[in-house]
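Each of the next two complexes has chain A plus one more chain, namely chain B in the first and chain C in the second.
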Partner chain A sequence: MSAANETVSAGQARTARYFIYAALIVLALVYLLPLYVMLTTSLKSLDEIRGGDMLALPKDPSIAAWVKAWGEACIGVSCVGIKGYFWNSIKMVVPAVIISTLLGALNGYVLTKWRFPGHKIVFGMMLFACFIPFQAVLIPMARLLGLMGLSNSTTGLVMVHVIYGLGFTTLFFRNYYEAFPDELIKAAMIDGAGFFRIFWRILLPTSGPIIVVTIIYQFTNIWNDFLFGVSFSGGASSPMTVALNNLVSSSTGVKEYNVDMAAAIFAALPTLFVYIVAGRYFVRGLMAGAVKG
Partner chain B sequence: MTTIEPVPALTPEGTPQRQGRTFADGLRNALPKIVLAPSFAVILVFVYGFILWTVYLSFTTSRILPVYKWGGFDAYYRLWSQPNWYVAMQNLAIFGILYIGICIALGLFIAILMDQRIRAEGVLRPIFLYPMALSFVVTGTAWKWFLNPGLGLEHTMHNLGWTSFKFDWLVNPNMAIYTVVIAGVWQASGFVMAMFLAGLRGIDGEIVKAAQIDGASNIAIYRRIIIPLLRPIFLSAFIVLAHMAIKSYDLVIALTGGGPGNATELPSTFMYSYTFNRNQMNVGSASAVMMLMGITAIIVPYLYSELRERKQ
Partner chain C sequence: MSFLEIKDIRKKIGNNEILKGINIGLEKGGFLVLVGPSGCGKSTLLNAIAGLLPPSSGDIVIDGQVVTDLHPSKRDIAMVFQSYALYPNMTVEENIAFALEMRGVEKAQREAEVKKVAKTLQIEHLLKRRPSQLSGGQRQRVAMGRALVRQPRVFLFDEPLSNLDAKLRVEVRAEIKALHQNTHATIVYVTHDQIEAMTLATKIVVLKEGTVQQVGTPAEIYNRPANLFVADFMGSPAMNMLKGQVSGADGQQSIALFGNDGVKVAMPPSVTAGLADGKEVILGLRPEAITDTGLLDPQVRSVARIEADVTMVEPTGSDTFVTGRLDGASFTARTRADVHVAPGEKFSFAFNLDKAVVFDPQTGSRID
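Entry: the complex of A and B
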């Protein structure tokens, strides 16, 4: 599109640029539309929703639906809002992210700097674990959690998310440490530094970017998980996504679209916030998840 | 990426073992493996062991709870004689083909537009990508409302004066699966765009310049030179999307709940309902095994080639 071709006149080139900008703007509006509708619907009253237009701005914006979604909306039989489920998700995400990231860092370190015969097979098996459909482990896991007395508990969900996140965290750190010069490790070894000392003093201080990528990736995945949440928890122990689905799909009483949308925004806020603050790292994590390390 | 193998004398297995190998030495040498072992053991048990457990369950007579009485291929016979399973497979085919095809086409199209030295790229990129940060449940909830036949898009079009406009796909059994495609494309196409954009930025500008000097039109340059160079990205995008399509569960549950009727049943929703709601755990396990086989057929050759390539 750059160097002005002799066959393309300046006028044609300008028309082409107008077309490009117009197409991009229209597309951007389409991508933004659902978010806009969610937001405006959550600020409207039910009467205005029923009588008015979905795309119209709220005439009299009110956060009543937000307050109700947070503290009063009925999920199942209990009408205490989504706040408890929101905290369930936080209590599940924080330990699961920390543990799986730490283990992934150590695994990546061993798999690149302390190689042993068969390290490739070990890594390959951990990598494949990232991609299995979780349906293939759902029944045994439900059974095991039941036997351990961890059904319907946040501890059980933390355990599940750590286990099935290990493949990804190991992949991230392995690909990152692979590029770290072995000479530095060797020099440290000659100076008498041991396994953990090298990790703490040499590798970890340079791991900032990959730690951010891993934390964001794990945070987004675990916060957004639905399948494990719906399978291994119930009632008051459910994470946010499960509660949102229960709220929206319940068919009793008047359908309060504004409350549904406010609850959906609460469920979306943490990951959206992370995305806005650290979008660059978020995209890098997604790309690394596509194996291209 | 080439890795320099550590100097033999410093690797655990190469350490001199003759002179008085003490317990402490042994421990030090085994330390890396001891650190890795718990993670690997966990993966072995909870991934591979559990897969075998599920496979075994699919050959039993399990109903509400797992029982270990051998039932042969009975569950597979029952699975493949369920009209519901055929609906699920057919829906997966429709959803998978459209979802992958549209995401790749749209992602490539937006990426090419974005690659024309656009001024507001920093503003536009996040707009196309933010849906990927959302949970499928949120996406499903939003689109369920947006496409609501009574109050959503249809109503808006009527207000705009287009009174004959009809959009009831969400409640129309013949069309409901396409709403899943729409919501899925909205969520993932921005990510595909980012992959293609990264690929476009990695293309050697000299090749393009040479073609321009030869008088090739822009369309020809894209068709003949740039798009063929993006082949690896097409493959990655296909793998990621195919794998997401087979695993899709939350989106359908939140958007249509698998309905109306069983109109948007997918293998993932089939597995869940037969296992946990319909008390046919062996059939549910058999369907999970089919899903695993589908994903394995896509992922294993890909991972194998990826890991080999990296060696060179």
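Entry: the complex of A and C
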């Protein structure tokens, strides 16, 4: 009897659903508000911005601020816009993501399928690397880059991000490959495939979801990184985030909010793009690792 | 000399000795089944033959060549795994051709070989599909195709039927048997299913806790089990084990069963040794050797008719298993399907002693 009393009627269920959707929509709006302000402000003229209403739609939308941010805005003393720095970031992010993902996959492969004595300790130490704060490695890293002659270079930044990302990428791939059947590796060994052949032909082609997860994670982290960028690069080799900071915090002249906002949107675009293109694999991949790992 | 020789293989993992000195020989074209309960070391032994798990000591010899230290791919063997282990990212065709590709076989020849194997296994229509689009039986067939295409010296099967449903298992079992008969391949097959072992093998090895209990043909293993373990493990329902005592009274050796007031049966002809009067023994009798009098083999020489209480009747369709009870000891008889008997009744069982074997209760070994 009690079970019958607890059942929810169709009407109640519908009300509950309306309530849930309403709450979700409100929260989504709150979450999207900063993006809305960024977009509208970047399309307004300076006069209109000074006029006050931050939430109002632009009266006379113009992309002048975008053009200026991209090609003319002054970063420090050089007034060439952020485009050079944008490409700096691309040149840093693409190799850093590819290398750290590949190495992470290779590490995960070795740690699950070619186990050696002490593999747990090695993995533990790699995990440890995930939890060391950025600030703690700044000075040793600066010294190392100096010794290697990579200070103030994009190559140096790529190296820093690869090293720092390796702990995370290894963790992702290890947990994914843990659930990968050992019998497949054995079968491939009997078939005559070697270490790398098994990796390229069998393991990597079946790693789609976890590759997507790792790429999104690494891309977002490396693109958004400010601390390593500001510490290990200088002047024209700075990544986007550092340039954005220099643009926004420059204390000379009139404060051009619309240009700042446009530059900030440029800085956010690539990560948004990656997430929109590959995002649906993201949740799926995270779940796959979580359930079976 | 045997085609495949397993010489004193030992395997230690930590302080655990998984294999304790295994010696087996298999002639060319033989079908060797390693059978035993889980944890007996049968899969470990198969992996040692494959080279996937190097033994701690001992040698594997194939066709006169010691392969113990050779990489799995250099041993000229093929293995069919329990999970089939098909590469999920490749089509059936690519799966079968993978080993040939690794060996550097030309593409045209590869395709021809794959076609040939696919025809043998009747999977030609599946070649372009991926493993995820196949049923269990089809995957099993592809896994066999992948082994067949290499024409290896030895095929290894690791419980290949255990993931199939009962009906399909019987079908594929027959296919494997036919495959062996047609190709005369040398096969080592691991299973925990004693029926698979009986139906497929030319030679069975029963393993328990890392030691060989008995090596023999299916008939030898079934009819003359070396010890109580083998007798109990092989056959379903299990062999009846009846406690008894040797008695030499009346000038004829017999065994007294079912306690002192029980029945005396003549010493089975399978036992030749004169045993001391009063020695405790265990009489092993397969269920089919205890029947209703009507089903009795007319060729039988020594038979004992014993009246007992019926406690359970299990019809299987083809036969009916009747559980009898006498003086505290239970036994299972295999009778005609249409036998008229119900629990609680008395029934006259015919014990065919020609088939009986006798074990020593202390050592568990068979007494000859």
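For this structure, a couple of remarks:
The working rule: the second predicted complex is superposed on the first by the 257 of 293 C-alpha atoms of A that agree within 3 Å, B and C clash if a C-alpha of one lies under 4 Å from a C-alpha of the other, contacts with A are read in each partner's own complex, and residues count from 1 in each chain.
Here is the rule we use: a residue touches a chain if its C-beta (ideal position, glycine included) is under 8 Å from a C-beta of that chain, and two chains touch if they have at least 3 such contacts.
Predicted model only: the values in this text are computed from it and were never measured.
Shared-chain residue A:L103: touches chain B; no touch with chain C.
In the superposition on chain A, contact is made by A:T206 with chain C only, not with chain B.
Legend: residue contacts after superposition of the two complexes on their common chain; A:C74 is shown touching neither chain B nor chain C. By the document's definition of touching, both partners, chain B and chain C, reach A:M189. When both complexes are overlaid on chain A, the residue A:A136 reaches chain B alone and has no touch with chain C.
In the superposed pair of complexes, A:R197 makes contact with chain C only, with no contact to chain B.
Set against each other, chain B and chain C differ in how many residues of chain A they touch, and the higher count belongs to B.
Residues 183, 186, 189 of chain A lie in contact with chain B in one complex and with chain C in the other.
On chain B, the positions that touch chain A within their shared complex are 1, 3-7, 10-13, 28, 31-33, 35-36, 38-40, 42-44, 46-51, 53-54, 57, 66, 110, 113-114, 116-118, 124, 126-146, 148, 151-153, 155-156, 159, 186, 190-191, 194-195, 198, 209, 212, 215, 217-218, 236-237, 239-240, 243, 246-247, 249-250, 253-254, 257, 267-268, 271-272, 275-276, 281, 284-285, 287-289, 291-292, 295, 299-300, 302-303, 306-307, 310.
Residues 181, 183-184, 186-193, 197, 201-202, 205-206 of chain A touch chain C in their complex. Only residues 1-3, 5, 7, 17, 20-21, 23-24, 27-28, 31-35, 37-38, 41, 49-50, 53-55, 103, 106-107, 110-117, 120, 122-129, 131-141, 143, 163-164, 166-167, 170, 178-179, 182-183, 185-186, 189, 194-195, 220, 223-224, 226-227, 230-231, 241, 244-245, 248-249, 257, 260-261, 264, 267-268, 271-272, 274-276, 279, 282-283, 286-287, 289-293 of chain A touch chain B when the two sit together in their complex. On the side of chain C, the complex with chain A involves touching residues 50-52, 71-73, 77-79, 81-83, 85, 87-89, 98-99, 102-103, 146.
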